[in-house]
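Here the chain labels run A, B and C in written order, and each chain numbers its own residues starting at 1.
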Amino acid sequence: MAYPSAATHTGDNYLNHSKGLMSWLKTLDHKRIGLMYLFTVLAFFLIGGIFALIIRLELFKMGGSHLIDANTYNKMFTYHGAIMVFLVIIPAIPGALGNFILPVLVGAKDVAFPRLNLASYYIFVMGAIFAVAALFLRGADTGWTFYTPYSIRTNTTVILVLTGAFIAGFSSILTGLNFIVTVHKLRAPGLTWARLPLFIWAIYATSIIQVLATPVLAITLLLLIMERVLGIGIFDPKLGGDPVLFQHFFWFYSHPAVYIMILPAMGVISEVIPVFSRKPIFGYKAIAYSSFGIALIAFIVWGHHMFVSGQSEFANFVFSLLTMFVAVPTGVKVFSWVGTMFKGSIHFNAPMLYAFGFLELFMIGGLTGVFLATLAINVHMTDTYFVVAHFHYVMVGGTLMGLMAGIHYWFPKMFGRMYSEKAAQIAFWLIIIGFNVTFFPQFILGAQGMPRRYWTYIPEFTTLNRISTVGSWLIAAGFVYAAVYLYKGMKRGKLAPANPWNGLTLEWQTPSPPPHENFHETPVVTSWPYDYLPENTTMIGNS
Amino acid sequence: MEPHTEKHHHHILPTKVALGIGGTLLFLTFVTVWIAGFDLGPLNFTVAMIVATIKALLVALFFMNLYYDRKENAVIFAASFLFLIIFIVLTATDLFFRGDVYVKGPLMAAAPSSGSKLKKPWIATPELVAKGKQLFQQQCVSCHGVEGKGDGPAASALNPRPRNFHVSEGWKNGRKVSMIFKTLKEGIPGSSMASYATLHIDDRWALVHYVGSLNSDSVPVDSADDFKKVGVDITQESGGATEVATIPLDFAMERVAVEEPKVITQAHEYTFAEGYVPRPEGTAGMGSQIYQVSCAQCHGDKAQGGVKVKKLGGFTHAYVTTLPLSSEREGMKSQDAFNQVVIQGLPGHLMPGNGQLSSAELRELYQFIRSVNVK
Amino acid sequence: MSNLETGVHHHAHHFASADDEFEASKQGMWIFLVTEVLMFGGLFVAYGIFRGLYPEMFHAAHKFLAVKMGALNTVVLISSSLTMALAVSSTQKGDRKKAVLFLITTFVLACCFLVVKYFEYSHKFHDGLLPGQFFHNEELKDPKAPLFFSLYFMMTGLHGVHVLIGMGVIAWVLRRTVKGEFGPQFYTPVELVGFYWHFVDLVWIYLFPLLYLVG
């Protein structure tokens, strides 16, 4: 396989367009901003992951003793949750992959507001600094959900973490705003809505959620800070307030937030599966519209986090019923993806492996979500490990698999080089096996009654907990290995052609890595990006 | 590019229009303040909101140009209000439908109150007995059993046991109609029989008569005074009671203020039973020390039981009385049985498990309890 | 970036034309206002819920608000919206003098708003009508009254912060107008600041009756 040699491959691209640290820190290039997000998010993933490993180590109960005391344990799961939710899973795909590839996918030179884009990144970093600063002070032990009244009374540095989340929320809002205007106003000639790649549909729906939901988080955190500082009483029954009102405010954002997490991942999967099945996507319109369906339903189901909070029976009934509906557009997508693969010519490259991983893990996670939406089951499973397993399956199994699929899919475009396919396969299997070993036992533990956020458990649960901990080591090994071969690929991988996967979307029509302005000439779109013909089964791929 | 003639979205708001809109807004402000001076009841709110919305529309359509601009922007802005409505409506399905006593408001149904709608409800009728049977199935069977024999699923955990209505002995308040009424109204302090004053008075009368119907032994007749003592006035057709179907706070406080069980904080000197040989090397008394720390609070100094326990771990309303740890108890019959009970607790009972004791400690504890066993 | 005299505005390179850039910027501003609707909206939801739960308390408490000052502020804010709209249209017509005049007037009116607010708040502090745990007024006996004032201070306070920010951006746009950066070819920042300011007015249009008139 003859790849172009280094000599012929050099050209002006966004990586060598300008040099020096300041050219990166002051860049207005969405591709560089995307990379900065990518590396920042991965750094926080490492930190959040370390807290997870500490939690699992404590729950291993070696010799029946405790590694850390109970108060420290509370802080560990608070940090793990807050960092993973606010600094990794929510910003990851939109910030890293979205920023990098969205303008290219719509044939634009940049996002609508490049300076705002850079500001978004720095706002994100600032929010992260506030949140992480708390770690070095008294920390926070409220859980990432900050429920009242404990979050009002605890004397840990909750306000710092709240401020960090508040600030980081603006990053999310501004990114969403930028993407919506970009999709509306900067599409290349000929790129009608019906020809829009599904990743764009997904990011667009995500951006709408970001813009509508995140401001409510802002006011919620502000109210909580005011309650702590001024005792305004909105959440205090003595003054006529209601602590459950906090939960309504909190989950009005945080439930749509989980769709901010998963929709972009679904978008990645919708891109990867047709390419690696050499088949047009099945149900293009269905997948596109179901993204909106999910985005809309996202806003009317938040009460299912509150079934045992003291919420009225009527609200319980309403929210349980409404939650069932979200399974419909989700099922539409899964069916369409499987329909795409049917009679396709499947290539098991790394992106496709991660797509399969996504399907397996998201199916389990999603279905257990239906269990939890069922009121009668939820009252037994709430606050047990069943819930923990459910959301890890959808968040890690869903979003993280989507992120990995996207990173491997667009890696050649981003860096102009290929990673080692063999290494990628090994890492994938470590991660997927490790994941199932870690989290599947937790469904059983939860069903048997093991509570979550507990520093200890009855002896009967020891075996499954230990198995789960061993699984966490496998995941860690997989990700560390992934970091290694991806880094190597970045620096010394085989030079990548413009279109290694023989894809039809716009990003593959420009060199790898793309020039500073994305395209040498403004592209004109004349066809649907999923017209894979049966004879088009060859792919240069990654040998 | 000439802004005047080109596309609409470069529309310039004519000064006359601007002044006109401004004037209208000021006028509407005056109107809304003026109307607020009159008391129109709920209409005040509606009128104020209508005026505010008109003002808002004027600002949005003309000052913010939406009237002349592409529809896209108006749709985007209007959509945000849709989600705000979703937020408040669904939150209201919780906050306005709670059913708690302390949350009151115009949207809450008034607490069902006031007196009986029956005529002479203290006299049993077949209808009342039938209704009482229905209610009994909902409210009482978990403790008193399907047939009222005191053998419901929760009964085994309770001490004292729930009343077997078929048996005439042991009724705390006696079997008179007025007394059964009193029991339902006030509960029985020191036991798990709660007050059922939250039920409507007619429901309680029905239950009274059903419970009475389970026992065919003769019952002394109540005097007017008997009824008066429990708040029923038989000179009035419906018994005269105008209770609100809630528990008065002071009544509840009184009932809840049960004496806290004694907490033993110091180890006592024990006289050991004959034949008990203390272990050498300072382990003598280990059993008694463990007992003091882990068991005496509930089971009493000398394992004699009879201690009233109000709170136990997660149960804030345990209201049980402990049993003596006598040698007939299953858990005292052998070291293994004892270990089983202590480590895992007693399923169906409130006795919690204690997994922290080593086998040596369990041996000492068992010996200790046997040595101080009280029949 | 642009020059009133030569009428040339260099639009950003990723837009096909200045008009595209203007349209995109405008839409961006509208989306930002959507986020503001949701943020303030949260407070309105809290208001709605508590008002529904405790209507008598709200009625009793709202009588302690200074309706005259609130009405005055409403007049002030509406007038400032008018002057802001006139500032935008003056810029669109190329009349720099008028644009500056109207922008200054808007700024001054905004100051007036904050001054009136200052007096209002001082009275409240003096009378002990404070939020939450700081409430200590003897006349208003309802035990839940602190809640009303918590909402009052949170809502008018957040609004006041937005007025302050508005003054900042108006000053920024004023400075650029004086320097001749805007005209018929390019007036986007003036228009967008105008939108922000009108939105601040919009929030007050609802705040005033809900808190002062029908509580």
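Methods note: a residue touches a chain if its C-beta (ideal position, glycine included) is under 8 Å from a C-beta of that chain, and two chains touch if they have at least 3 such contacts.
Because the structure is a prediction, the values reported are computed rather than measured.
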Any idea which chain sits dead centre by C-alpha averages? A
Pair joined by the larger number of C-beta contacts - A-B, A-C: A-C
In whole angstrom, how far does the Cα centroid of subunit B sit from the Cα centroid of subunit C? 46
Per the C-alpha centroid definition, the whole-Å distance linking subunit A and subunit B comes out as 41
Mind checking the centre-to-centre distance between subunit A and subunit C? Centres are C-alpha means, answer in whole Å. 36
Which residues belonging to subunit A are in contact with no fewer than two other chains? 184, 212, 216, 245, 252
Find every residue in subunit B that makes contact with two or more other chains and list them. 72, 80, 83, 87, 91, 95-96
Could you list which residues of subunit C touch at least two other chains? 23, 27, 31, 34, 37-38, 41-42, 45, 49, 53-54
Contacts from subunit C onto subunit B in the complex sit at residues 18-19, 22-23, 26-27, 30-31, 33-34, 37-38, 41-42, 44-45, 48-49, 52-55, 67, 71, 74-75, 78-79, 81-82, 84-86, 88-89, 92-93, 184-185, 194-195, 198-199, 201-202, 205-206, 208-210, 213-214
Sites on subunit A touched by subunit B in the complex: 184, 212, 216, 242, 244-245, 248, 252, 299-300, 302-303, 306, 310-315, 318-319, 458-459
List of subunit B residues in touch with subunit A within their complex: 72, 80, 83, 86-87, 90-91, 93-99, 353, 355
Subunit B contacts subunit C in the complex at 1, 3, 7, 9-10, 12-15, 18-19, 21-22, 25-26, 29, 32-33, 36, 44-45, 48-49, 51-52, 55-56, 59-60, 62-64, 69-70, 72-73, 76-77, 79-81, 83-84, 87-88, 91-92, 95-96, 103-107
Subunit A partner contacts - residues on subunit C that touch it in the complex: 12-15, 20, 23-25, 27-28, 31-32, 34-43, 45-46, 49-50, 53-54, 57, 131-134, 143-144, 146-147, 150-151, 153-154, 158
